[in-house]
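Structures given as structure tokens follow.
Two complexes follow with chain A in common, the first pairing it with chain B and the second with chain C.
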Partner chain A sequence: MFENTLDSYAHSNNLKNVNINFKVLFAFLTMLVSLISTSPVIPLLITFLMSFLIIFKAKIPWKFYLKFLTIPFFFGFLTFIFMAFFFGTGAPLFEPGIFNLAVTEDGFNLGFLVFSRIMGGFSCLAFLALTTPMNEMFSIFENLKMPKIVIEIAMLMYRYIFLFLEEAENMYYSQKTRMGYGSIKNTFKSLGLLASNLFIRTWLKGEQSYIAMESRCYDGSIKSFKAHEKISVKNITILLFFESFLLLGIYLTWGFKII
Partner chain B sequence: MRHFIKSKGDFNVHIMEGFLPWQWCLFWYIVALPVVAYGVIQIKKITDKNPESKPLLAVSGAFIFVLSSLKIPSVTGSCSHPTGTGLGAVLFGPAATSVLATIVLLFQSLLLAHGGITTLGANIFSMGIAGPFAAWGIYKVVKKSGLSTSIGVFFAVFIGDLLTYIVTATQLSLAFPIPTFTESFVKFMVIFAYTQVPLAIIEGLLTVFIFWNIMKLRPDILEDLKVIVPKIKETAKELI
Partner chain C sequence: MNIIETNNITYRYPDGTEALKTVNFEAEEGKIVALLGPNGAGKSTLFLHFNGILRPYSGNVLVDREEIKYNKKDLMRVRQKVGIVFQNPDDQLFAPTVLEDVAFGPMNLGLSKEEVEMRVKEALERVGMEGFEKKPPHHLSGGQKKRVAIAGILAMKPKIMVLDEPTSGLDPKGASQILKLLYNLNKEGMTIIISTHDVDLVPLYAYKVYIISEGEIIKEGNPQEVFEDVKTIRDANLRLPRIAHLMEILQKEDELPFDRPYPLTIGEARRKLKDHFKDV
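Take a look at the complex of A and B:
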């Protein structure tokens, strides 16, 4: 049922066994590098490199990944159009002749920069989401000394989310087979019923699971297995070289504009 | 499940990864952090006193996540997602909601690729702090003035949502003040007014319906909520 979510790929990709700290550090540093860039060159390069890693190294089906990439692309492209038209003060480049609209040079450049940053950042996020299972992320949070209570609630929440999505889906389809979404009025009624019943059911599940946990000696904390792996020297070197290469690229292309 | 998870073409208020310049990412992290820290302290107090509230807080968070992944048909023809935090704020109080919303936003970015890691601070501030605090405040004010719970819930969610959009527009126009902050703000607000104001009204009505249903079917749950917010019991009793 979850064949199309990011979560299932996170558990079954070719980079699953790569050191978790390394993956997170790699994705996060690259994301930051993409963010500080003032030219679209490096973010776009990052997009290609990350997509390459995701498709050829992590072996995520390219069809799925490209479909997934249409989300930021669509959004980024809208942003680009919006900024090109409305966020410029300089000389107009192109006037379509309606409503006094005009694409300006600085608007175009800004829009393209934001577009490339969205694509760059998003591909790093995709790398993280598609190669790193959530339960391993929790061990990272623990290492970052996040408050224990937050991690515990997050862990429980992660478990419940999938239970509830399944429950919501069941309710949704049984409503649908009974013409629950036939008209706008019915749609709102059905959505309201679905959400309120979901709340009640989730609440019952929460109570039951507390009883179940308490009967198994739950004392308010969940013990989890923590793997304390160190990143190998070789990987650290690769990482440092890669990031400094990108930083050098940022320095060289500083302020570079398309037009 | 794909129906719930699919997000292509939907418009939502999350600021996407890479959208904000790094200075503003940092700024919003610094602004959001103390409030979330305060919420964590509050949650720690609650759970230390009664450990059974821990799973309940977790299901509440999961509920916010699932609620925010439901699709609501909007007037403009597109689909949009409710923020879900308004209901959370009314039920559990704004401090707890800010922590839950933080975790929900993190999951949304890692599981659905909504929002992002670097823009997490800004998203927490708009959806997890500004919205819920406004919703909770409005709810209290309406309740004090003697109007019905339904009106209170509607305006809490409606104004909470509106404030979320206004804060998001502010964040965007602060990051891109071209040519000036005000002009840029107006541009972003025009977009939001078209896409999100109908949604805020719809979400308000929907939440009233949800609240009303819970009251009707299982008022005891709302009484039990005194684990998290003691005052909710009175609200539930008034309605029975």
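Take a look at the complex of A and C:
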């Protein structure tokens, strides 16, 4: 039932066995590099490289990946348009002739830079999200000394999201078979019932799980049981080379503008 | 020797309805005991008394001949000895991976990491779920989830395992795998208490059977004794095992000489039929 979710790809891609610390460091550093760049060249290069890794190395179906990218793409594109119109001063490049709106040169450049940074940063995040199972991220959070309570809540939320998704789906289908979504009025009514019912079930399930945890000597804190791996020297070298290559690119394209 | 014993326990819900009425339940060490009863008879409520989750309104519960004292230390002791496998594995599996879930119990017992690792490995092998360590529970099938839930209890090395409807919601193969596992665990000395309304499998495994109805134990004894009392069984919304029912019909309708006690399992029926047709 969850064959097509992010989560199932995170668990079944070709890079899932690569050292987790390496992946996180790789994605995070690359994202930083993408953010400090003052020209759109490097962020776009990063977008391209990350997409390449995701599709050809991690073997995520390109259709799924593109669909995944559309939301940030539209967000970035809108930002680009707004910035092009409302930022910057100087001679106008283009005037549509309504409300005195005009695209200026630095507005256009700034908009495009922000767009490329969004895409660069997002592709790094996508790389992480699509190749790293959430449960392994929890051990990273732990290494980063994030408060225990936050990690525990996140862990429980992660587990129960799928249970409630399933429950909600079942309820939705059973409402649908009884014409619950036949008219707009019915749709509102059914959705309301579904939401309130789901809330009550959450409550009951929470109680049940608490009993089950108590039966296994739960004392208020989940003691972590995770393996911590070290990054190999080879991986660190690759990482350093890659990031310095990007930084060199940033130096060379410093202040580069497309117009 | 009784490893679990309840003496006249009564339990009331906060609204005053009596869920258990002076229940006396005994489980002998190293045996399989079955608690038979229809839905809502109080099976789960009774089970939650075995490890001190619920406290009886009156009466007491003895685990390993010691009365439960309901303080933190004593409850820890009891919960390590009595492992409960809940009916719905989704209630029990809370961790993001199989490995972490099975490790939860032993980690709570304060064992060393090496010891926990060993126990988890052992428990997963025992239930045939090795290789699934890194999977999240929502990527498992119902039977697999059940087995992981059992492993989570096994890793705590309890003396008694209590299972609430262990075969409900499983396909026949999954159900028989679970039963085989329980049978083997019992052979190694673990006391097993199961609740069920599947009357066909009870006579195959159970040493002693209790029938509970509306919060009261209405019958107890070995399977042969319990199923002899057809009226009580039917009054409790249960039925005879299929085989026994067939024999009953053959006797009553077709006047074949299969008198009580009716055979309860295929093996017993086979013997009886063979004896009969040898003479013909």
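One rule holds in what follows: the second predicted complex is superposed on the first by the 237 of 259 C-alpha atoms of A that agree within 3 Å, B and C clash if a C-alpha of one lies under 4 Å from a C-alpha of the other, contacts with A are read in each partner's own complex, and residues count from 1 in each chain.
In the analysis below, contacts are C-beta pairs under 8 Å (C-beta built on N, C-alpha and C of every residue); 3 or more make two chains touch, one makes a residue touch a chain.
Small disclaimer: the values here were computed from a predicted structure and weren't measured.
A.B. asks: Following the overlay on chain A, give me a clash-or-fit verdict for chain B and chain C.
C.D. replies: After superposition on chain A, which the two structures share, chain B sits beside chain C with no clash.
A.B. asks: Comparing chain B against chain C, which has contacts with more of the residues in chain A?
C.D. replies: Higher number of touched chain A residues: B.
A.B. asks: Touch check for A:205: first (chain B), second (chain C), both, or neither?
C.D. replies: A:205 contacts both chain B and chain C.
A.B. asks: Thinking of the overlay built on chain A, is A:213 touched by chain B (first), by chain C (second), by both, or by neither?
C.D. replies: Both partners, chain B and chain C.
A.B. asks: Looking at the overlay, does A:134 come into contact with chain B only (first), chain C only (second), both, or neither?
C.D. replies: In the superposition, A:134 contacts both chain B and chain C.
A.B. asks: Of the two partner chains, chain B (first) and chain C (second), which one does A:142 touch, if any: first, second, both, or neither?
C.D. replies: So A:142 meets neither chain B nor chain C here.
A.B. asks: Check the residue A:8 against both partner chains and state whether it touches chain B (first), chain C (second), both, or neither.
C.D. replies: In the superposition, A:8 touches chain C alone.
A.B. asks: In the superposed arrangement, does A:229 touch chain B (first), chain C (second), both or neither?
C.D. replies: neither
A.B. asks: Once the two complexes are overlaid, how big is the angle at chain A between chain B and chain C (Cα centres, nearest 10°)?
C.D. replies: Approximately 80 degrees at the chain A centre.
A.B. asks: Between chain B and chain C, what minimal C-alpha to C-alpha distance in angstrom results from the superposition?
C.D. replies: Distance of closest C-alpha approach: 9 Å.
A.B. asks: Which parts of chain A are in contact with chain B and also with chain C?
C.D. replies: Looking at chain A, the two contact sets intersect at 2, 7, 134, 156, 158-160, 163, 166, 205, 209, 213-214, 218-219.
A.B. asks: List the residues on chain A that touch chain B in their complex, please.
C.D. replies: 1-2, 4-7, 28, 31-32, 34-36, 43, 67-68, 70-72, 74-76, 79, 82-83, 86-89, 106-107, 110, 114, 117-122, 124-126, 128-129, 134, 137, 147, 149-150, 152-154, 156-161, 163-166, 168-169, 172, 184, 187-189, 191-200, 202-203, 205-207, 209-210, 213-214, 218-220
A.B. asks: Using the touch definition up top, name the residues of chain A that touch chain C in the complex.
C.D. replies: Touching chain C: residues 2, 7-8, 11, 133-135, 138, 155-156, 158-160, 162-163, 166, 205, 208-209, 211-219, 222-226 of chain A.
A.B. asks: Which part of chain B faces chain A closely enough to touch in the complex?
C.D. replies: 1-5, 7-9, 16-19, 21-22, 25, 40, 43-44, 47, 51-52, 54-63, 65-67, 69-70, 72-73, 99-100, 103-104, 106-107, 109-113, 116-118, 176, 178-179, 184, 187, 191, 202, 205-206, 209-214, 217-218, 221
A.B. asks: If you look only at chain C, which of its residues touch chain A in the complex?
C.D. replies: It is residues 48, 51, 53, 76, 79-80, 83-84, 86, 88, 90-97, 99-100, 103-105, 107-109, 113, 116, 134-139, 152-153, 156 of chain C that touch chain A.
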